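Working notes, structure below.
Which chain is which? They are A, B, C and D, in the order written, and residues in each are numbered from 1.
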Amino acid sequence: MNDPWVPTPMTVREVVRETADTVTLTLDTSASPFAFAPGQFNMVYLFGQGEVPISISGHADRPDELVHTIRGVGPVTRPMLDLVPGDVLGIRGPFGTAWPVEEARGTDVIVVAGGIGLAPLRPMIYHLLANRRDYARIVLIYGARQPDQMLFVDELHHWRGRFDLTVEVTVDQGTEDWFGPVGVVTRSLARARFDADDATVVTCGPEVMMRFVVHEAVRMGVPQDRIWASMERNMKCAIGLCGHCQWGPDFVCKQGPVYRWDHIAHRFAEKEL
Amino acid sequence: MRLAVHKFASCDGCQLSILDCEDELLAVAGAVDIAYFPEASRRMEPGPYDVSLVEGSITTAHDAERIQQIRRESKVVVTIGACATAGGIQALRNYADVEQFTRAVYAKPEFISTLETSTPIAAHIPVDYELRGCPVDKRQLLDVLVASLHGRRPAIPNESVCAECKRAGHVCVIVAHGTPCLGPVTHSGCGGLCPGYHRGCFGCFGPSSLARMEPMTEVWRSLGADDKTIDRALSTFHVASEANAAERARLEADDE
Amino acid sequence: MSDETTRTLAVDYLARVEGEGALRLVWSGDELTDVELNIFEPPRFFEGFLQGRSCLETPDITARICGICPVAYQMSASAAVEDALGIALPDPYLQLRRVLYCGEWIESHVLHMLMLHTPDFLGVDDAMAVAREHGDMVRAGLKVKKAGNDIVNVVGGREIHPINVRIGGFYRLPRRSEIDALVAQLKEARPLAEAMLRWMGTFHFPELEVDVELVALKPEGLYPFIEGPIASTGGLCVPVQEWANHFAEEHVARTHALHARLHGEPYLTGPLARFALNFDALPADLRALSAELGIGPGERNPFKSLLVRGIEVLFALDEAVRILEQWRAPKEAAVPVELKKGSGWGVSEAPRGTLVHHYEVDDEGLIKTAIIVPPTSQNQLAIESDLRNLGTQLKVLDDAAATHRAEMAIRNYDPCISCATHFLRFERVFS
Amino acid sequence: MHNPRTILSHSDLGTLFATLHAEGRHTIGPTVRDGAIVYDRLIGPDDLPTGVVDEQAPGRYRLRHEGTRRFSWSVGPQSFKRWLHPPELRLFRATRTERGFAVEKPEAPPPLALIGARACELAAMAIQDRVFLGDVVDPHYASRRRDLFIVAVQCDRAASTCFCPSMGSGPRVSRGYDLSLTEVVDEAGHRFVVEIGSEAGRALAAKLPLHAATTDADAPERASAEAEAQIARRMPTDGLREKLLGAVASSNWDDVASRCIGCANCTLVCPTCFCTTVDDVTTLDGTHERVRRWDSCFHPDFSYLHGAGPVRSSVGARYRQWLTHKLATWHDQFGTSGCVGCGRCVAWCPAGIDIVAEAERLAEDA
């Protein structure tokens, strides 16, 4: 029987240092193609250290590689910053729900990301761009704490150069060489031009940020069932057996992490649920 | 990895736990460079150290300086045992008149540097990991060493003794025997030792962060323990830990 | 040599002893003028804070005086409290306490012999270095040590600060299956312990003679653990309750700990004393083995206490097996205990020597006064006397060798500074 | 299934054990240890309780000697969960290879026979089946569950903490067993009425010295009726899920929190709670093991998030998680209540907090 607790070894092919505390790892899956939907995550196991949930941040249509963008914050993720090509990670997955690439067809799509939250949204952006004609306006709003904490800088730069995509990048705290906007993503959202009652908003970032983003989007007239957010909870198994990620009736690893807002609005308001 | 073992006011039991790892000792000594461990070796090499295990509490001015030096020389500081993590049983002095304890005549008063308090290491320096217990559990101690060696986070679960009892299959001594037990508010680590030996936990691993002392006191009262008994139970090896001190203060205030 | 006329040898931090101590020897010309064993371990005031505690807590609290010999504290404490409360423990409980004590002797003795003392005889820093040359012996010794620890584990709950000792008996009696496994383990350890001892018998022992009186428990026909009376090579033989009539603790201005004296004179407790006074109570095979190793009741060379400890380890292994094989569990784990006013004495043979406890309790069972006299404070004068006797030997050695020899002489006694410093009255000296 | 009732005489209990052992099974069942009836590996019928009955109340459990019966007690502190979903289990062991690692899985356990399972135990197992054998199958649970042989026992006595009738889970054993025993002691002797619940049960029964039941044939029904008559405790199950979900903000959570120690015992004794965490341990030689062990939503680290600390930091929130999960959201997850009314969480809560009383008050609140 296939054991859902046991990770499959996969070899790191490429390591890109995004920021001081974040790397993007590309794993080689050419031997056994890895299929996933944008928004899904894996359990990533570092030998001898432990296992953590990490979203997939690469192209969903490139099954020969698996991309993760990892911020080193604790005992398991921090040593992952030091991996080099040829090292091996254990992977279980993919798990969880996906961004509404189908539901969003034909609408304006507003992508709002904060910090590491851009990582799980990147496969969505790739999808939108690869299927550009299926969607109306596309707006990406990305907020980072400081300019040097920004992910995928080259890619953002490249996207910004495209005419079929609006990119707004903002930072909480500017620096001398930062000429872009300073402020929270909600402000950029409020300024963004899109057709509110025919838009899809997808967001990922800290819970407070998402709370304000949704609030603003709703204020602007986006229907609650057109807003999607990705949740984070403690996870030890990602297969609905360990119980840690429970959030009301849900296992975030199964019914989440991507949720349609009208399904969770009432829960999101409860403290310590 | 260079390891150092330092001693402050204590009974030596926690560092002895290292020598009590009979099955693993030689392997540990092979894998780790034991640079400073006076109880076990005459070879006492100066720092820096990768990991310093610190036993004992701070009770003298000289020791208060020495611990600063140890912090400077050590990448990782792990406090081991109730003395180092909570001040130990000698912290009973914090609640008494040291004069009364030391009513002796000293030949050289300038050397009498006993402080009025016994304080945990973390009150003086930042500590990376704390290993509870009076004494520490040697499996946990070994795990800290092995984890440091492999750069892993040590497995020191933050639970109550009850969780360990239940997993071990021990029968609850409160419910089945009416024996007062501090297990529900005591940090895990011992494996539920005392209840496994039919006695109530007396809290040698100290209060857990999930400790809710008031209802625990109510349980003890319902089992016939008077407030003096409860006060004594809260004032042994972890007398100086916050949760115990707060509950004792509450009981005392209730009395008045 | 540091000076024409004065030579000082100082060890700021004694290694491989339990606790923190320092040593200073000063010669003026040819004369050794100053011998100081300084104990700078901070005091922990046990006797002070025992006042007002319940006498039922003494096994748990006093164990924390010393992590090396917690069982000794638990044994003397419970004996003293039981004496105060008028409890006479039935035989099965006493037997089980003997077994528990066997565990501690084995563990503590092997720790000392193999890890603290042997490096001295082989001229290396520690047991890890010993293991490089004599891996088999160290592994064998560790197995023996583990067997000792496992006795304390099974009977006491854990090897350091056992939780199963209680006034009136125990909390839980060992199960037959636990006992059987233990007996098998002890039997396995026995030949290893003997091999280790025979190996140590080949060490070179410097000359030295103890010139003080030796004191130990000396029960009729029994090698002592928890049984009185107290006897000495000078002919003393009194029940422990009379301890204070013959022994006195005094504060000596020059040194920094309380010293106990017998009729005003220094004396020595510990393995050498037990062996001298109770040699006849040893089984014949151990007496024969002692003879083979060249030691007997007349042995006074403290360096050879190493071998005496080895004999005691073998004795403890055999004794534990003997008791456990015929031990039948009583119905209850402890006898009923009734709190009342009283005063009691308890004494037992810690690995390092006699450990005396005395308590006065009130009618609620709360402690009014506590006196605890650990072996190391009893032996401190004798240790200093040994060092003085070593004077001539040390003089001809260079500093490093002399320092080492002096340290070695201290380690003969396996001094436990943690024990010595539970005192109420204390002071600290930086050397 | 044609199901004629037969009789196993008390003196033939040994044959039952021997027959199970002959199939290579370990027999797990009740035995008296440390003042309680626990489940452990049994050698034979001598290990079973004899003439022991229990008395239970919130926060209290005592054994007492009475009569000669083997099974006249209610559930003790443990459930059979510990044998199917062990408190500690190695998920895998990994050793370093040149650049990666190789995984080694644990050995499959020996087949078990559970002896003395009561209706609520069987109901709890059925609930854990839904948890562990649902869309994702836990191979560890599955391997223990697959070859299980269950000898059930009909309750003839209930504890004051029992409330299985209101949870629809007992006291009558009606499904999920291989053989079931109803104990009868009267002038005619000490014997068990045997019911067959499966083909495996029938096969085993064929190897036992059974004889026809005549007057005793209705003993199972009589026993359950007797037990049921003793049960006064009732969970207010009517609309309970909606009521509890509506009471998320009730002040009663703070009230119960003021009495709750937060010790996690209720979850750890519950036969349906399934939560676990993992410990990553490395040995000196560098071998890595991933060990799964029972965890509880009462432990603060259970909901720990990096940078935010525990999501449920207050005891009130943790109690709410436990109670609403058991009695409300379990329905959403597994189509059933998470409670079988065994009363363990009531008896084994050191503070004597009573899930039924709390549910009642919360339901009123809504």
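Please note the rule applied: a contact is a pair of C-beta atoms (placed from the backbone, for glycine too) under 8 Å apart; a residue touches a chain by one contact, two chains touch by 3 or more.
Just so it is clear, the model here is predicted, and its values are computed rather than measured.
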Chain D and chain B - chains in contact with each: A
Centroid-based (C-alpha) most distant chain relative to chain B: A
Innermost chain by mean C-alpha position: B
Whole-Å gap between the CA centroids of chain A and chain C: 65
Centre distance in Å when chain C and chain D are each reduced to the mean of their C-alpha atoms: 51
Between chain B and chain A, distance of the C-alpha-averaged centres to the nearest whole Å: 43
CA centroid of chain B to CA centroid of chain C, Å: 25
Multi-partner residues of chain B (each touching 2 or more other chains): 150, 152-153, 198
Chain C, residues touching no fewer than two other chains: none
Overlap residues in chain D, where contacts from two or more other chains coincide: 277, 280, 282, 286
Chain contact topology (line, ring, star, complete or other): other
Contacting chain pairs - touch in the sense defined above: A-B, A-D, B-C, B-D
In the complex, chain B residues that touch chain C: 7-17, 19-20, 22-23, 25-26, 29, 34, 38-44, 59-60, 62-63, 88-90, 92-93, 96, 100-104, 106-108, 111-114, 134-135, 190, 193-194, 196-199, 202, 204, 229, 232, 236-237
Footprint of chain D on chain B - complex, ascending: 24, 27-28, 31, 143, 146-147, 149-150, 152-153, 155, 157-160, 162-163, 166-172, 174-178, 181, 183-185, 198, 209-212, 214-216, 218-219, 222
Interface residues, chain D side, partner chain A - complex: 91-92, 94, 96, 99-101, 103, 105, 131-132, 134-140, 142, 248-249, 274-278, 280, 282, 286, 288, 290, 292, 295, 297, 302-308, 311-314, 317, 321, 325, 328-329, 332-333
Of chain A, residues touching chain D in the complex: 1, 3-7, 9, 11, 47-51, 73-74, 86-88, 90, 207, 232-234, 236-237, 239-244, 246, 248-251, 270-273
Chain B-facing residues of chain D, complex: 33-36, 38, 40, 59-63, 77-78, 82, 87-88, 258-265, 268-269, 277, 279-286, 293-294, 296, 298-301, 315, 347-351
